[in-house]
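Chain nomenclature is as follows: A, B, C, D and E, assigned in order of appearance, with residue numbering initiated at 1 for each chain independently.
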Amino acid sequence: GDTIKIGNIVASSGFLKSVGESAETAFDIAVREINDAGGVNGKPIELIRYDSGSDPRQASVGARKLIQDDDVLAILGPFSSGEARVALNDADRFKVLMIPTAASAPGLTDESKYGWRLTEDESKQFGRLLAALTASDIPHKTAEIVYVSDEVVANAAGTELYPTLMKAAGIEVGEPIPVQFKSFDMSAQVATIMKTNPDIVAVAGLPQSASKVIKELRRQGYEGRVIGSQIFADPNIVELFGPEGDGTLVVAGFWPGRTEAATTFNTEFLSELEAKGIHKLGAHHTDAQAYDGVYLLKQLMEKTGVTGDEDKVDEERAEMAAAMEGISFNGIVGDDICFVGHDAELPGYVIEVTGGKWTKFAEAPADKCE
Amino acid sequence: MLLVQQIVNGLMLGSVYVTVAVAFTLTISILNFLNFTIPTLFMVAGMVSWGLAYFGLPFGLSGPLAWPAALACGAVASILCSLLVERFTFRYMRTRHGDSTEHAIPLVSSLGFLLILENLIRIFYGSDSQRFPGPSSDLTTQIGGIFVRIPQLVSFVIVMVLILGLVWMMKHTRIGRGLRAIAENPDAATILGVEPNKIVPVVFMLTGLLCGLAGALFAVNYGEVSPMMGEDIGSKAIAGMVVGGLGSLWGAVAGGIIVGLVEMLTIHFFGADAVQVAVWGALLVTLLMRPQGLFGHNAIGKGKL
Amino acid sequence: MSGYWIGIITILSINMVFAYGIYLAVATGQLNLGGAGFQAIGAYAAAWLSAEMGMPLYVTIPASILVTALIGFAFAFPILRLKGVYLVLGTFAFAEVVVGIIINSDALGGAMGLPVPDYIDWPVPVAGAVIAALICFYIMSTRLGLVVRAVHDDDVVSDLMGVDVRLVRVAMFALGAGLAGLSGGLYAHAYTYVEVQTFNASLSIYVLLYVLLGGAQTPWGPMVGAAFFTLVPEALRSLLPELKMAVMSALGVEGTVNPPDESWRFVLLGVVTVLMMVFRSEGLVTRRLVERLSHPFRRSAAVKEAEA
Amino acid sequence: MSGAPLLSVENLSISFGGLKVIDDVSFSLEEGGRLALIGPNGAGKTTIFNLLSGVYRQDTGHVRLGGQLIDTAPSRKRIGFGMARSFQNIRLMPHLGVVENVMLGQHSRADRPGGLLTPLSFFGRSQARAEAEALLEDMGIEVVPGQDVSTLPYGIRKKIELVRALAARPNLLLLDEPAAGLNGAETEELMAFLDRISASGVTLLVVEHDMGLVRSLCTRAVVLNFGRKIYDGPTADVQRDPLVLEAYLGPRHSDKSEASDVA
Amino acid sequence: MLLEVKDLEVTYGRTKAVQGVSFGVERGEVVTVLGANGAGKTSLLRALQGARKPQGGQIIFDGEDMTALSPAARVAKGMALVPEGRQIFVSMTVEENLLMGGYMRRDDGVHGDLAAIYERFPNLGERRHMKATVLSGGEQQMLALGRALISKPRLIMLDEPSLGLSPLFVEKLFDLIRELNSDGISILLVEQNTHMALEVAARGIVLELGREMLSGPAAELAANPSLAEAYLGAA
């Protein structure tokens, strides 16, 4: 063909629409930049998109369609862990490289041969936050954990990662307190927390859940700090939490001030979203990782010299997947990124929400791979 | 002390469910119509209010009055949507043979509306949660060391007054009787001069109003709205309605509060994970012991042989 | 074959089996709004046997039917005492309790879900759909089918006609639960991963819609309903951009048009659903329609005779 | 007559919410007999039918059919003892066709054509369908395929109900106002039909307000008033009973009784 | 002429239930409509009350064209229908059913009229607070009659009103018809009890398969031999 075809499974409808859409924009920016600079191996990249509607079954249909009908060389997406769980099986069956966008469930790629993630481990990121916390003069003797129990990542974080790491850091933690994803009234859980009135409340949940917990905490007069790992590290929480969110500490996998390229991406990303009528305060680390995903594929394609010809699809897919082994990659989220297992090692940025701003509190470089 | 606070929390939460449960009961007891769009109307009220408060109000309203005005507009949006639902669902429903599954027919279209409204909201406002710019944290007071939410108290009083009015209307006005006649036998009702197209919208307006009210109070109370805000409240309100019994508006009030209490006490004693099993298990047990709910009467039958 | 269509046919087949499961209960006049619960039981039964016990497919799939049918049977006895909306919400509560129990049980993976080792490709779900359809068509063509329809119309008179109303209802409910369980088993193996969040309330609602929109009077209904809800959004994938172009050019907008928001697909699906019910509130396929299509000549002759 | 009656009702009573609707009613009906159960509106005739068929459970009293006690059997089983009924307020199955409604009547029969799981319509016309169609034809009902039973004229629906009960091949047929909605000529046809049925050995218990039909079809009448039996005897004498005249027939009938007896 | 019907046509799909029927009812006149099962009598009355839209023809009531008006408007103008099969509201009490009859009335005389109905039909009075579902067949028929009377009609259309009534009450019914008639109320009567109908009516129309077959003064019709054979029976 005239182009090199890459599959892209996105969630542009359904309950993940908003987050899915911003990732879409990040993909588009990267593809446009690459094509404007002359494409890959002399050919432009063509991103073939499939909307999963936030439904795992449709993610699987998308994978099959892109692989069997559209002859793509690799797939970026699907978006969430639930979708990735199903679609990764298809990728393995058809032996096609797949890089999910924001699927951060622990162990997701453990069994997978063809699935790779540009995503940092939750426990590593939370450990970095705790390190910064203990190094600071913020009181942190006692803590309570609130976690969303019916959401995969939050559940794992709240019941395993948080307690273990906090105890290791010498923090006294109570029994983790579950909340449900759909509930909106956290008063019972918060009333229990207020009984011990800890220095720290660690929340494991997506922004909408974290927001409800924080608002209820403040309403019942809580004055300590709220912390959380990457799960709700979305720049938009500044607005969503409002004044009640002041002092919140989270870890993000992306800092727009890291390099010039990162800043450029962030600005362009925001202006493009604004043009679509979507209001964002900054690129989420998954947006940056989506953008980097395209460049990662570009590097693979250049290294293997793929042509995108229809009759060579099978070999080229295999070559690209094989080329992931031992790769080292420079992107806007970090430099010399390498993979342990199938998950990337990325830097972490501890963010503090202060005075309605997303400010850097501390940072930690990516770990070395072996 | 903590337990007392939890019970108060349960009552407060229950009062949120009550408004929506009454909306459900209204359509099902008067029209024998299980209106599944109610949670969506509630969500529309919340999201439209937010959208207006965030992106700017019509009539150039701004300043301290902006958010109440936005809430009023949200309620109006909910009423309009409810009327639209009436126009395309109930009007085409015919309890022709009074058979056991017929009340489900409008269910299909009300779900069609759910798809339409939910996705339209996503198209215009996205799928994220949004902060509602009301004076949320100021509206809590402490009575003897117990936190009490003022908006919930206010909303509870409003709903009670509304229910008193509704009960009176159903018993003593010809509209009430006309509505019941339509629900049972539209054909005979029409012959007697009842005009479904004129009086059924009244019920839908009331439903929309209740949902609008509930949506507004939710936004002020929790300082947050989202395109998913109707899901949990909707199913819990249904649970409340059923526990209370379908025929009775007071049943819905009692049921809503019971569900709120069960939820909070379950969280207190067993954690949030047990809520789903506790609330719905309690509902099942209630139904198996009293098949018509606590205060309900039996549904419309076919008459004797 | 096209990978896309294989994927869609798999979804469609599973939805159809699921819809037939609900249909059997609805055909006796019992609205089952607990579909997701039964599908979840089937899916988890198959997943657990496959993942933890290492059972092969020919054990897990029948097991998913059997376990669900048994649970459906046990549940049917108390629950079918309820009538009308109370029954609907009772079954709804059942599904919520099932999901609540699964999410709290570590043996089933809780919120994490269970990966399923054995994969099945499209022929198995398709075969499942064909078998489910045949079962339903056959049942509805027998005296049992007649009795089922009679119970749907008027349980009191059916009872006086000597029909064991309770037995018919319980049997159909349990058999339907078995089919819903089968759809769960197929789901587990076709997507090789089950997580409880999939089996939410809206799934129960949708599958009931398949039946009601298609029409509960004949076994064609669930088939048509499932096809409608599965295929219309798919058809709109390609139609939507064209529609938008048409609308834009009608509005006099020139030049390139951004691709439309994918959510419009579901808005249109909703609009079509509402319109369908406006025009055919008894479902797309009614018994009369089937009769008219299958005996076009006999009927018109009879009508002419009657008119003459 | 061979001693024991086919149906015997002994001291039946039932009350609803303190209101005694049937009060100690006894009567019996011999095999092949034709008994009319008459009485003013609200006297309790339909309630007796409901007690016989098990819709209600009596407070006191017994019902025997062919010597066997049936009043404790569940309602579902009673049609199996050979007792079928029609309903005062027509209760046909709205979503079943005319023929299918009749086929439902066959359900209780031990010798019904077609078992529970043999197809009724898979391969052309089954025996069950043919039998039902024959019965309908006998009654003079023309079947238009695909016609909704609920849109049929009142009189026709009433007749279909009768045919449905007959499809059960009962020895005792309980008919609740079979002539309602039929005009004079149609009533006569119905009478002729019922005559034939009776002649074939079916015992008839008929509730009817059309005295013409009662007199010419039935040999005996039981009259109820306020749930109590006030008359039990030949139909010919019913119009001479002052109690019956006052409660049920009204003065007009007493005037004309001599003249109409001729008919 | 209080009611005038011109070329009325009612069809259901391909079934023509009423085909071009024309007749009139004078003020204070009783007119009866006769016909076999399926002749179209019920369809005719339903079209007159507006429950079914006619496919052709005109309905003029009190000099006003009612063809396009809603049933409510017709009730307000003074038309009332006692429908076939009673059609009472079984989930309501007897009294509520009667009050439904007065749905279009704006005056406060309804409660007084209730008492009159209870007097005429004592069975109803005794059960005024019971659910209508427990009524016997005849009692339900009385309820349907009473419900129509409560609306204070000028024209009352009765679809087989004697159905299920005991002989004594049939007498009372026809007395009532005469009484209403002498009060100047017009009556359109569909009856299977042909003898009595022709006795009370001034004129009659005979329908066959939706068409007018015969019409004329009641006495003439009663004497018509072919009619006697077809509808009256030998009795």
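The rule we apply is simple: a contact is a pair of C-beta atoms (placed from the backbone, for glycine too) under 8 Å apart; a residue touches a chain by one contact, two chains touch by 3 or more.
Keep in mind that this is a model prediction, so the values were computed, not measured.
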Shared interface partners, meaning chains that touch chain A and chain C: B
Most widely separated chain from chain E, with each centre as the mean of CA atoms: A
Centroid distance [mean C-alpha coordinates] between chain B and chain A, Å: 37
Geometric centre distance via CA averages, chain E-chain B, whole Å: 43
Mean-CA-position distance for chain C and chain B (Å): 28
Chain centre separation (chain A, chain E; CA means) in Å: 75
Overlap residues in chain C, where contacts from two or more other chains coincide: 103, 152-154, 156-157, 261, 263, 266, 303, 306
Chain B residues counted as touching two or more neighbouring chains: 97, 99, 119, 122, 231, 273, 275-276, 302-305
Multi-chain contact residues (two or more partners), chain E: 134
Complex contacts: residues of chain E adjacent to chain B: 49-51, 70-72, 74-76, 81, 83, 87-92, 96, 99-101, 103-104, 133-134, 147, 151
Touching residues (chain side chain B, partner chain A) in the complex: 2, 5-6, 9-10, 12-13, 16, 119, 122, 126-131, 136-137, 140, 147, 218, 222-224, 226-229, 231-233, 263-264, 267-268, 271-273, 275-276
Contacting residues of chain B [partner chain E, same complex]: 174, 177-178, 180-181, 184-185, 187-195, 300-304
Residues on chain D engaged by chain E in the complex (per definition of touch): 16, 38-47, 88-90, 151-156, 176-177, 180-188, 209, 211-212, 247-250, 252-253, 263
Chain C residues within the chain B interface of the complex: 26, 29-31, 78-79, 81-86, 88-90, 92-94, 96-97, 99-101, 103-104, 152-157, 201, 205-206, 208-209, 212-213, 216, 261, 263-264, 266-267, 269-274, 277-278, 281-282
